[in-house]
Amino acid sequence: MAGGKVNDGPRILVFSTDKISDPAIDMAGLLKLHYPPTVYTISIPCSSAVKPRWILHALEQGFDGVFIAADGTDCPYGESCTEKTGQVVSTTMQMMKDKGMDPARLKMAAICSVCSEPFVNHVKSFSEYLRKSSNS
Amino acid sequence: MEVEKGKTAKYLKEKHEIPKQVTEHLKYFTKTKKMLLNALREEDKTIPQLAEELGLPAQEVMFQLMSLLKYGFVETGEMDDMDEYFYYKLKSNGKNKS
Amino acid sequence: MARINPEFTDELKKYGAFDANACYNCGNCTAVCSLATEEESFPREMVRFSVLGLKENLETSLKPWLCYYCGECSETCPREANPGELMMSLRRWLIARYDWTGLSGLFYKSLAVSLSAFVVLAAVVAWFGAYENFNLPVIMHYGHYFEMAAITVVFAFILLPNIIRMWWLTIYKPGVRVPVSVYFTAIGDLIVHMFTQKRTLGCEDNQLRWFEHFILVLGYLSLLFTTVVLDWFASQSLFVVVLGYVESAVIFVVTFDFVRRRIIKDQEISKHAHPSDWFFVIWLFLMGLSAFAVRLFIDLQMLDNNVWLYLVHLMILVQWALVIVPFGKWTHFLYRSFAMYFEKLIEYTRSTK
Amino acid sequence: MKKKIGVYICHCGGNISDYVDVEKVREAVKNEEGVFLAKTTMFACADSNQKEMVEDIRKEALDGVVVASCSPKLHLLTFRGVVERAGMNKYNYVHANIREQVSWAHSDNKPGATEKAIQVVKAAIAKVRHAEALEPIKVKSTKAVAVIGAGVAGMRAAIELAEAGAEVYLIEREYFVGGRTAQWDDLCITEETGKELVTRLYDEVMKHKHVTLFTGAELVDYSGSVGNFNLKVKVTPRYFKLQCSSDELQKAIEVCPVEVPDEFNFNITTRKAIYHNYPSEYPQLPAIDMKNCTRCGECEKVCSSVDFSQKTEMLNLKVGSILLATGFDPYEPKKGEFGYGEIDNVVTFPQFKRIVHYCDDKLMYKGKEIKHIAYIYCVGSRQVDGENKYCSRYCCTANIHTAITVKKKYKNIYNYHFNRGIRTYGKAEVWYDESSRLGDIYLQSFEDHPPVVEKRGDQTFVKIRDILTTDKELEVAADLVVLVTGMVPRADNSIGNLLKVPKGRDKFFNEIHMKLRPVETVIDGVTIAGASQGPKNIMESMNSALAAATKSFSLVDSGELALEPTVARVNEEACEWCGKCEEACPYSAFEKVEKNGKTIAKVNAAVCKGCGMCLPVCPENALDLIGLSDEDVESMIDALIPNA
Amino acid sequence: MNMQEPRKTLEYDVLVIGGGIAGGESAINLANLGYKVLLVEKDLSIGGKMILLSKVFPTLDCAACITTPKVSEIARHPNITIFTGTETRKITKKGEHRFEVDILQKPRYVHIEDCTGCQLCEEACPVSVTDEYQYGLVGRKAAFIPFSIASPRVAAIDIENCTLCGACERVCPTNCIDFTMTEEEFLVKVKAIVVATGFNLFDPLKIPRYGYGKFRNVLTSMQMERQLAPTRPFNTVLRPGDGKLPDNIAYVLCTGSRDKSVGNPICSQICCMYSIKQAQLLMGALPMADITIYYLHIRAFGKGFNEFYVQAQDMGVEFVKGKVGKITEKENGNLILRYEDVEAGTVQEAEHDMVVLSVGVLPNLGISDVFENEKLELDPFNFINQSDMLASPAKTSIEGVFVAGTASGPMDIPDSILSGGAASAETTSYLRRESL
């Protein structure tokens, strides 16, 4: 779209999961819990499948932050999900540091399938953080 | 008996008498339609305005006008100052379709 | 803090209310009642108090008297809880509460007691007739004086104390303090309501019923006046004689219509008749009819040979005066008028606050 | 080869178009690379539009389609079906969610929503551009279903499945079948008692040779996926060889020294460690509760059937689908909640049912005759402060029905119902009417002002500010206070945790969609029935059990299942076999193979579930999920950036 | 054409009577298992009442989003044959797994397979009559497509109101209009029957004190449902009396339910929730409007229902406990509601500019009379009796005849769908028994 960008808040990419956190984000819409329209989701099977390079790609391409809406203990693929998602996050944060990026631009939280309000609260405060940090 | 396609109404007309109220209803509709469209030709009007002008009950104007809206003769315009009634206007028969 | 008494409805059932428990408190009855106002909302409140057995709240309330039983509430009640009949039953129950003798309650609750009272009184009259050797002039003489005496005694010793009790329950006990002067200024309402029952007109589609009631009251009171003061049966004045005929005719025609309706039950109000209702209309009808017949026999000079007719009339009269007037449905007429009067007093007090 | 893509943007009858300018979206995406046609439509899912799409695809030979509409959870399958009918590969279809995640989420910001919708659709187009035609993986499925829970819903589902032709394993954790219904006795609506209903269903279950019932059995582990679940079931023995004579059993019970609260009677009575719940209970074989048995051996001396040598067994079952009918727990009031646990004549509704069951001509509790009973409704349901916001649905009706029974069974009973608005929905309204007519008194409290139960002297009083009497304070002296407790999810949710069945806001198992897929869960192959899904009465449980049985059966019926082909894929050139993927995979889908003289990883497609856990661990970035390659994701990311 | 032509005989495994959401669910399930299903619907479109709704509680999904794909799945299923505009006249049980059914298809005067739904006939038709699919709020032509998401979405001729001018025929590009069509009778042989005949709505004319029919701004909830639906009659919610944008709307619950004085003692189970739903939708459509719901008890009992009710309260919907006693009309079309505010214990009057009567659910009578030699038993409220309600809720008094959805009593959409699923399950086992 040429010109007039309507949404000028911090852009956040959310990696949600097909069975757990994406339904929660759907439900946030259903309940008309509003959050910034600069939050975009890409839904994948499991949060532990996020590759660090995708995150870096997003940040390099212009996203201000990446939020991993993790399955947590509800993951249908097993208990190791939390730990593995954590590893992805720490690896990526290290890579971000190496590249001179603020590692706080990546955030992860477990979002259960009905955690609509927590999701909205997370992205709102994340967005607030990103806005402040980009201004400072 | 094979009836020619596209002309079957005539065939049924011979066997089936049309009730009087059906034709009367048609006349009534045609008449009110004309009245309403004429009244709107001058300027955009609200339903109470039309009712007063035409001496028809407001609910009757509402029903007929909404039918005309559905059939594509009329479209909805602005709201009045009190935010109570819509103005209705003639549809420019698709000429201005953007 | 009020304690719930679920047994109360069993007692109330003896006064006629059978269905009040079915109420689910939707308020439809109050909403359709054209006499209910924001200040005086009924009948649901009365139904509720009855179901909970809050006797105190019931006996201090005038609301049962504000209802004229058009039947709309019962007809439209979604639970068929019959609020109209409950109001009627409450009126009966209240009469029993007002009555210091306790006889009202006894008569209302037991058909056997009522019938026995009627039989005993009839027997007394028959015995009296026999005692006087069926001497017509003597019997008629006593009969006339009985009427006067009965009115005085019943009023002085039963009705007046009862009205005072009613005042005590509904005005004094709830703590309504009315300036004495208001008792006098409001008296007009008492008279108007007593003679016209004009509040009935507030009910929808009720003009005919009101009219019938109105001429019945007029007929009854004027016949009372005509027999007691003008001494109808002894009068030679053509005016008095004809007046008496007209009055008694009005009474039995109207009451005949009432009885007819209670039999065919075409209206909500006439669907649920308590024995006391039957007694009232039947005795009124018989009174009108027998008085008419007595006078007719006098005029046809047949009464001397038909003493029994006067005795029958006297029996009816005695039963009426000693059972129905002091303890039966007749009292509605009185209490209702006073309820209006008291209501006016309360309204006044409320408005000055 | 460049794709010819069709884009359809749905108004959703205003749900989208009220907040998103769909025309503007269409304008913005129509010139995107590969987009051949872009249309808006009132209802993309309507039949007429589906037909139009099929025609478009056929006529224009489209090989990529995007529908921007509601959540893919609703209609991804619908539109995959549409493109398939038109002869297109269904994996070239991409669904863009511009309703739940755009129009509804940003209904406060129309321009913002429109701009986001444009990006979301562009990202979907980008994904289609890279999408490849795939074929589903066909696997054989086992024509067997495991039904967990042998309450009435579970038994009914088992019968239905067996009649339809599946092999059924009915797995019950307790030693006896019937679940809550067996404890319930008098049921509403019919003359039949709970026990009779249980007996009837049990007899039918037993008639079917295709149903195998396991009692004292628990699902402890599972592997595999829809079509082929491998279940590990632990069966604890009853320590009884066969039915012993009733005399011997009686003696054995007498001699048992252990006495524990009887859960079947909601702890108002006690039982021995050797027990059955009621004389005609099924299976007709008592059990010894090893948790409480002291192994004193007394019973063995008097009853020849006792056999302590029986061992816990582990069974391996293979099924194609799992049907959960695990039921509910009655809410257990907290200590002090309406005097529960503190005032001795305060009981719960289930306990009250058992008390009524044990009292014949006089209603007695703790040695006192009961005349005045106060029922307090919504205990544990519709909580204003607590967590249970939901209505438990059955309690108003069940309790009123019980109150009527009590009134008819014993003399001079007075019932007082302290409610928050009676919810005898549907035909149950007649019970409410009947109980009122019998003289029951209904009192309604304000939401934030519950009734108070207090003890003064040796009398228990219930006080209320009654809505129906204009906020008047009223009180009742009650001989017994019954807390009408609602339904809560099973406290022991081990099975839900094991299978990872998601729970709803009310913490009951959640279906995918209440109307579109009411008995399915997001875990493929796992269906839910009865009160495990939320409060239900018996009839409603039966309906859901039958519906779930139909669903489970349709999964295993054909003997073959088509699985999503979105599994992991190894870039054989890049792979240097380090074994990290094998370590990461929870399903052991990787194996080490030699190919062209090189050791590489190989994916077993039938085992791989496509979770992608292996993806980030590969140091060579040699792993991809089919349909979720780096290219796919990165092109979507690019498209989501408006100035990119 | 010979009128005496012997009627055609058709053979199917299952006959489903009623193409609403419950009948549809049963038909799909059975067809998926390979049974040949005949679905007869007396209306011109399948989809029942649900397809005409706005959104559904408690998720606020649009009703069309759920019905249209389902309806389209039914329509194209190779194992399902649909007869619309068709009545079931007579059902005779000839033995186990043998039923003979007489059905009668009314002429549509349009060949369904040729019609493209182009609406040219509709445009050409000069006649305008009341549109029953918009519940009388607006007109429609005598040549018409029932509604835009109808299935089949093809034209029909309303012969009662047609002047036989022939205008439609002349413009029809595919010559699909055919006035020579006549009623057709069929004899259908089936093995089992699913009755899913749905419900009727209470007619508020039976409560004259509410003024429905007399006061134009007193609507039924179904009329409001249409006003809120995507295929709505007006451009927004308007008063039918004069087109005013309402800003103070009242809901009168239990209109014709839980009311012995109109002969319906039971609770309709859905009115509370659909009223709350409409209130929420109205708050979205008319942000300035006040909504008041006059209720007796709020029956928010299903999954997520109570939460939905609380949500409406939080949104500002006013709930007043009290049954409305009567409604009177003011000169300006506003309405005065008289009710007792039960919490306050006093009678009140309130003015609203539009009143919605939340009408109840009544049985759709008639189907039981169709059965010839065996009696289809009804319950005391004239719904179809469930002979084994607790173990087999879909069973009726006749073996081989099953009931689905609201034909057996009031229920909401999820329950109807589950009940449809149950009916298909019972039918399946019944049919399996034959093959054994």
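A, B, C, D and E label the chains in the order they appear, each numbered from 1.
We take it that contacts are C-beta pairs under 8 Å (C-beta built on N, C-alpha and C of every residue); 3 or more make two chains touch, one makes a residue touch a chain.
Remember, it's a predicted structure, so these values are computed and weren't measured experimentally.
The highest number of C-beta contact pairs joins the chains D-E. Farthest chain from chain A, judged by C-alpha centroids: C. Compare each chain's C-alpha centroid with the centroid of every protein C-alpha atom shown, and the nearest one belongs to E.
Distances between chain centres, each the mean of the C-alpha atoms, put C farthest from chain B.
In terms of their C-alpha centroids, the spacing between chain C and chain E amounts to 54 Å. Distance between chain centres (mean CA atoms), chain C to chain D: 66 Å. The mean-CA centres of chain A and chain C are about 82 angstrom from one another, to the nearest whole unit.
Shared interface positions of chain D, i.e. residues touching 2 or more other chains, are given as 422, 433, 468-470, 504-505. Among all residues of chain A, those that touch two or more other chains are 30. Shown for chain E are the residues that touch two or more other chains, namely 59, 258, 321, 342, 345.
Every residue of chain C that touches chain D in the complex is listed here, in rising order: 1-4, 6, 9, 19, 21-25, 45, 48-49, 51-52, 54, 79. The part of chain D that touches chain A in the complex is made up of residues 28, 71-73, 97, 99-109, 111-116, 118-120, 123, 500, 502-505, 510, 522-523, 566, 584, 586, 609-613, 615-617, 621, 625, 628, 630, 633-634, 636-638, 640-644.
Residue ranges of chain E in contact with chain B, taken from their complex: 1, 123, 126-129, 137-141, 159-166, 168-170, 172, 175, 177-180, 216, 233-235, 238-245, 288, 333.
Considering their complex, residues 29, 32-33, 56, 59, 61-62, 64-66, 68-73, 75-76, 117, 148-149, 151-153, 229-231, 258, 265-269, 297-307, 310, 321, 342-345, 379, 381, 386, 389-394, 409-411, 413-415, 417-422, 424-426, 428-429, 432-433 of chain E touch chain D.
Those residues of chain A whose C-beta lies close enough to touch chain D in the complex are 1, 5-7, 11, 13, 18-20, 22-23, 25-30, 32-38, 40-46, 48-54, 57-58, 61-63, 74-78, 80-81, 84, 87-88, 91, 112-114.
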